[in-house]
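Have a look at the structure below before the remarks.
Chain lettering (A, B, C, D and E) follows the sequence in which the chains are written, and residue indices restart at 1 in each chain.
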Amino acid sequence: MPADVAFNEKNITPKKKERYIVQTLKRVLKNKLAFIGIIIISIQIILAIFAPILTSYGPYEQNLAVTELGIGEEGHILGTDNYGRDMWSRLVYGARISLIVGLSSVALGLIGGLTLGLLAGFYRKIDGFVMRIVDLLFAFPGILLAMLIIAMLGTSLVNVVIAISIWSIPGCARIVRGSVLSIKKQEYILAMKSLGASDVRIMLKHILPNCTAPIIVFATMRMATAILSTSALSFLGLGAQPPTPEWGAMIAAGQDFMWNAPHMSIIPGIAIMLTVFAFNVVGDGLRDALDPNMELDL
Amino acid sequence: MIGLIVRRFLQLVLLLLGISFLVFMSMHIAPGDPATIIGGPTASASDLEAIRNDLGLDRPVIVQYADYLGGILQGDFGYSFQTGQPVTDAILTRFPNTIKLATASMIVAIIIGIVTGIVSAIKQNSWIDLSSTTFALAGVSIPNFWLGTMLILVFAVNLQWLPVGGLSAPIYTIEGMKELILPAITLGTASAALIARMSRSAMLEVIRSDYIRTAKAKGVKPRSLIWIHALRNAMIPVVTVIGINFGGLLGGTIITEQVFAINGIGRLMIDAIASRDFPIVQGTVLLVAAIFVLVNLIVDLIYAFIDPRITYN
Amino acid sequence: MKNKNLFQFITFLLITVFVVVGCSDKSSSKSGGTSNGGAPSELTYASTSDAAGLSPIDTNDSVSSNVTGQIYETLFTQDPKTLETEPLLAESYETPDDNTWVIKLREGITFHDGTPFNAEAVKYTFEQIKDPERAAPRASLLAPIESIEVKDEYTVVLKTKEPYGPMLAALSHTNAAIVSPAADKEGDIGKNPVGTGPFVFEKWVEGDHVTLKRNEDYWREPAELEKVTFKVVPETSTAISMLETGEVQFIDALPSDQLPRIESIKSVKVQKSEGTRVSYLGFNMEKAPFNELEFRQAVAYGVDQEAYVAQLNGLGTYNESIIGPKVFGYNEEAKNEGYPFDKEKAKEMIKENGYSGEKITLLTANRDNYMKMAEIVQSQLTEIGLTVEIETMEWATFLDTARKGNYEMTFLGWSNSTADGSELLYPNLHSDNIGSSNYSRYKNEAFDKLVQESRSTVDQEVRKEKLHEANIMAIKDAPWIVMEHGTVTAAYDKSVSGLVVDPTGKWSLYNVSRK
Amino acid sequence: MERLLQVENLVTQYKTAEGMFSAVQGISFTVEKGETLCIVGESGSGKSATALSIMGLLPANGKITEGSIRLKKDELVGKTEEQLQRIRGNEISMIFQEPMTALNPVFTIGFQIREPLTIHRKMSKKEATLVSIELLEKVGIPNPKEKLKQFPHELSGGMRQRVMIAIALACEPSLLIADEPTTALDVTIQSQILDLIDDLKEQMGMGVVFVTHDMGVVAEIADQVMVMYAGEVVEMGDVYSIFNNPKDPYTKGLLAAVPNVDDDSKNWLQGVNIHGESTASS
Amino acid sequence: MGNQQPLLEVKDLKKYFPIKSGILQRTKANVKAIENVSLRVYEGETLGIVGESGCGKSTFGRTVLGLEKLTNGSILFRGENIEGLSDRKLKGYKKDMQMIFQDPFASLNPRQRIGNALEEAFIIHTDLSKKDREKRVRELLVEVGLEEEHYDRYPHEFSGGQRQRIGIARAIALNPSLIICDEAVSALDVSVQARIIRLLIELQKKYKLTYMFISHDLGVVRHMCNRVLVMYLGTMVELGSSDQIYKNPIHPYTRALLSAIPRPVPGRKKNHIKLEGDLPSASNYPSGCPFHTRCPLAQEHCKLKVPEWREVEEGHFVACHEV
């Protein structure tokens, strides 16, 4: 019959499309700011990994004979601090700390937030209860929550990680719950239910992978917040403790030297700004690339 | 509407109960004994015993908590371990400053945030958009204690335009407003940046919506298209962000008050945590949580005002 | 209608914008002209924290003392320069026997509330300090006093069980200031202080500032300053900025790191003088190997205090003596009785005694200069072959932990507020105080005996001998390794004159004036 | 008959990630006064792009690259946005597919229906309100006065589409463009709306461009039919010749694919090939 | 057909959705999505369920499948009540009842290769090895008119029609006896629609499938179904064979529905039966006959009494007082 011929004549042979990840990455890289952000993060990762190779002084190595050297003086690329420690070396090792603190606190927070969010979104019965707990955590300003946790656990970088990850839980839980609620209504979840798939299987194989977009964006943005919060806690004397070359602690220590050695606080300040900026723009770029309408109310 | 308010208040009571329990327990588990702080390094063991007895810290924790709750029911939030002042008094002297600071910052944040957000949405991908997006991102990226110090150095110390710190003059005087400018900017920048980002994306989404196309099809002029048809719709998600962000703003007062020598709740709180002044910690945390919940209630009410689809009954 | 409301809302927003913009314009154009600071007869002082209270009986912190010191007066006072005891509210005293102090009071003095100052007031005050119910934090000052008797209106008799050597120093202590019994009984002197001092309490906005005004009916010449404000500025760098802009005129206890900045401000004068404060590296004498003398000696040889002091921008001096040069009981001889820096010797001792690679945790409070000491000492001890880890704690946790002896080595300091050697050695190193203020848990019977004698002797020359002997003993035994002897500092506007900071860090605004 | 709309050689392109894509590839047609032209085709055929091109409402990535669109004697291609604003809602009006999203959710019906009147007819609010009530009556909305104070979400889909029509007709345009206005509605409501559009067209003597994919709807409403496939016109003619004597195989296929409710011979599916659809090109 | 045992029997099915409100969030009212539906589906037939949006036809399909909990009534599959079965037994029934969904874009997990998506059925219900599963999936793909190589593709690489074919493959994978098609072709272009229906019919013949075909498109239902049930506001309005319903509609709603369908015949005289107003909202459920608010024949007693479900000719049932 001619009708069918007509319908089929413009058929295009199916061609294999690019992988989702590749597509997303391409879209992210088209965003100029996100591109800059990726470069900054990559540099930071390289610095963190190759820190021992890139530095000629140890980050803790004091030399009280050459304190507060300016930028470029006596072979110190970024000068020295008030103990004569090489700023470049401290900056580079600080990159390690920022990344480790950021990654581990975000990872811990995600584990908690994902579990709560998945359960709350999936089971209406416990939703109310879980969300009240989340509200409870939410009602604390984050920095206050962190301060209380640190007062309880003591001041150390590990406790900062714990505090920040607990602080990440409510936000993550809300986002995941929101996604779960909308994904749950999708027909492919119904299809899986009608096939008789178990709840665990549906949650882990079908809902979780489809929440990845908001989670990735949340995690990226959260990296920024985590690094910023670590530095704020250090400023309040509750975060990383000297001589740890954590950037926030370096700023806090350097503020006393604003006059004679401004580079001591400005250099780590810029480092924090750039890093946080980078994670934010990459997060933005990812969101635009993954789903511009994504709800991220944090 | 009234149902919503009543329900929220009931929830608030439960929430505060939960928070008070958590805070009470965590403060008691936390290392550091309030008596050693009051006694100082010189106090003898018997001195400390006397102080503990005086503060009632030698009783079982659960008894102390029950006692505390009992006090609250009678409107008594306890007395500061450090100064012996009633917690309510200690909070009331500082509360106006924090409210001033938070409100001023919020106003700064909302105005700057919404205007830049909308302008950059309208001029999407122009240099205005790029620069305000960059501003917004830089705004959320600056540690605010650092920003505060920098602002002091530039505007108060070098240019001497504005005072370094403190909030002592009444708000309606020029002096009072001048005192507020730097702290409000310090605290408001991050929120402004967040609001700007949210406004931008909300506006972009609204601009692409069907009803905006309908309005164009009616021949509506671009200006009223944006400021009448689009703005109100775009404000719906922005208002939510403002509400949720208020918690962060309250947290930010801790640092801002510290840097600008403002005698507010945030500083009271950090001092109280450092000196293990449990009643003050309790009182301030409860207050902050209550404010957060109330602000979000107000946000929900504004929400219903902006969006007729939402009714609370 | 909803639309109307929206327009109103927008209008409101716009008006707010204009108001804010308008105001900031005005303020920026005008502020150049307004001069900061008050009239020349006013003074504003900034401290990093608020007073805990304004009652000398119930407080024990230097911030509170700074304020109460202007409102209340003590029976005796120490000359800010020589630290010699002079009568203040007292006129004279006698000691008929070693256990009796007969103090004659000045007549015709009234408290700010108009009630007379007399022997009853002294008795009342001292009994309050000693009353366990009141739980006065500095009850220990007057603990040796057994009874207080009113002999007549202006004579008071103090009796002790044993002779109490540092009696006059104790009576000069700010916390032993005399309060108005009427005011204390009727109200809360912690909030509405009533004393006899040159300044009268006016207002306290808690957490923000305290204001005092001149006592026009002062028993001496009234003070020069009419009004004094004690302002709370938690961040030192903010306080310095305020000093620079003239928002405050006076700050003290300057952090060494910020000193260059303060000194670079043209309108500001900096005062530095030797103080009584001693900072030390203390061992926990109940733990091995810190209870072994060889180990402590090795550490002592390994620490280069000069290198540390060099970082203090001229604040602080190094001297091996535990009792500092400005403290009663100091003898020049003690200066070189310790273990001077000798890296090679330290290394050798570490190796010989098998301490190589010993892992040490260095407990440090994250305030004052302790972090600086820790960072420098950590690196120095690493060089002599020890593995040192710094454990940082906030003050509250630190005090608790250190008091319980849950540490190996730590840094602490002692601001000797009476500048008397007994007041240093007894609370800090006498075995009576293990579990409270003897953080090192140092126990040495011979030493205890010497300190006890220094306390129970009234003859000041004998006391001095005993203290010196005890000092040498402690230096040799090295439960502490002295890090520095503090410098007292103040920075004030050039218009301020007459300000003297005494070696204990105290100052009085009585003689201060502004040009 | 007066020639109302003349489109000649219209090319509309969209900028996509893969480059320029021509949604409309050089089509020409005319609409006379009082005539309904149905543009019919399946998804992706370019029928909506044609409608939006006439309105000048192409999305930011779309552009008319060639051709002319003349309304009466007025050339629309190349007009400034400001000039187009004066025409839109006034000379040409449009109604859309989704009545649920096409009305602004935060404004009352009254506000939205008054707007074209105050913009183009410079009416006061009072005058506009009176006219609005008339308009709502005209499109068959009961209690028009109360409806003015209501918000879109308080109305059903059918009612909203009537409101949209009232808004479109407020300034008595000479051309109405309807982009799948009944697709989202149930059949019983659809028949009401179709009748309404047809009646109003008769009353006001408008030209109507009606975009749809439903051959049944075409048969009910069209005078002229234009069948589009992949941005091109495959067949054009009056409704009878298209249905009774289709020339193009695509048109034939389209007709054959429509199941007829009245036909009980079960031969509808006989000629349909089971296999082979094109892969998504998005 | 009448005496044979039905494959599926639904008795007095009710499904209410609670509306919660007030301070304590108590259930204040119910949205009546399905009100007293009883019917039988026989082996090998295609039962069409038609009605406008909001008539409860989709909810009905989901409730039968156990995706929604029923409020009242019972569902018997091959004579056995499904309600209250153990999970394991229920799983067996799930295998026997499958569903094809409306939205081909939403019914596939976008993050899963379609091969893996199809394998899910075998993972859940069989012990087949990975290799065997893959083999079966490839066979299935060919069966529904796709190619074996499509195994590794993601859903976004397919057109709507192809995705619906995948949906069909998933439904037939476990050789079920009943397939519920919920608006299975509504989102497709007409040309594609026809081919998918053709495919469904071929598969029905081959595997002796029973279909419950839920649709608002009366044209498609006419050509697809043996029997048709018309629903309105959650209730059954009319049930009969395809010819009975289309040639001899009795209920005024059925008539209005049929008259409203645009026919692809130009110039035909329009004789639409006008229905007053809109569908009442389901939370504001009319008393008596639910259709009385729009019915051209409505009388006073229609508002009060729920009409009886009666048989007007063999196999032709209707619920109306007036006809």
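Throughout what follows, a contact is a pair of C-beta atoms (placed from the backbone, for glycine too) under 8 Å apart; a residue touches a chain by one contact, two chains touch by 3 or more.
Predicted model, so just to flag it, every value in this text is computed and none were measured.
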item	value
Chain at maximum distance from subunit D, centres defined as averaged CA atoms	C
Chain pair with the higher count of C-beta pairs in contact (B-D, A-B)	A-B
Rounded Å distance, subunit A centre to subunit E centre (Cα mean)	46
Averaged-CA centre spacing for the pair subunit E and subunit D, given as whole angstrom	32
Separation of subunit A from subunit C, taking each centre as the mean of its C-alpha atoms, in whole Å	45
Geometric centre distance via CA averages, subunit E-subunit B, whole Å	53
Shared interface positions of subunit A, touching two or more other chains	3, 7, 14, 151, 154, 255, 258
Multi-chain contact residues (two or more partners), subunit E	156-158, 191
In subunit D, residues with contacts to at least two other chains	106-107, 253-254, 256-257, 272-273, 276-279, 281
Complex contacts: residues of subunit A adjacent to subunit B	32-33, 132, 135-136, 138-144, 147-149, 151-152, 154, 224, 228, 231-232, 235-236, 248, 251-252, 255, 258, 265, 269, 272-274, 276-277, 280-281, 284, 292-293, 295, 297-298
Subunit C-touching residues of subunit B, taken from the complex the two chains share	30-34, 36-45, 47-48, 50-51, 53-54, 82-85, 89-90, 93-94, 107-108, 110-111, 149, 152-153, 156-157, 160-166, 168, 174, 177-178, 181, 227, 232, 258-261, 263, 267-268, 271, 274-276, 305-306, 308
Footprint of subunit D on subunit B - complex, ascending	208-222, 229, 232-233, 306-309
Residues of subunit A defined as touching subunit E within the complex	3, 7, 14, 16-17, 20, 186-188, 190-198, 201, 205-206, 209-210, 212
Touching residues on subunit E, where the partner in the complex is subunit A	62, 65-67, 90-91, 94-95, 97-99, 101-103, 106-112, 117, 120-121, 124-125, 147, 150, 153-154, 156-158, 167, 170, 191
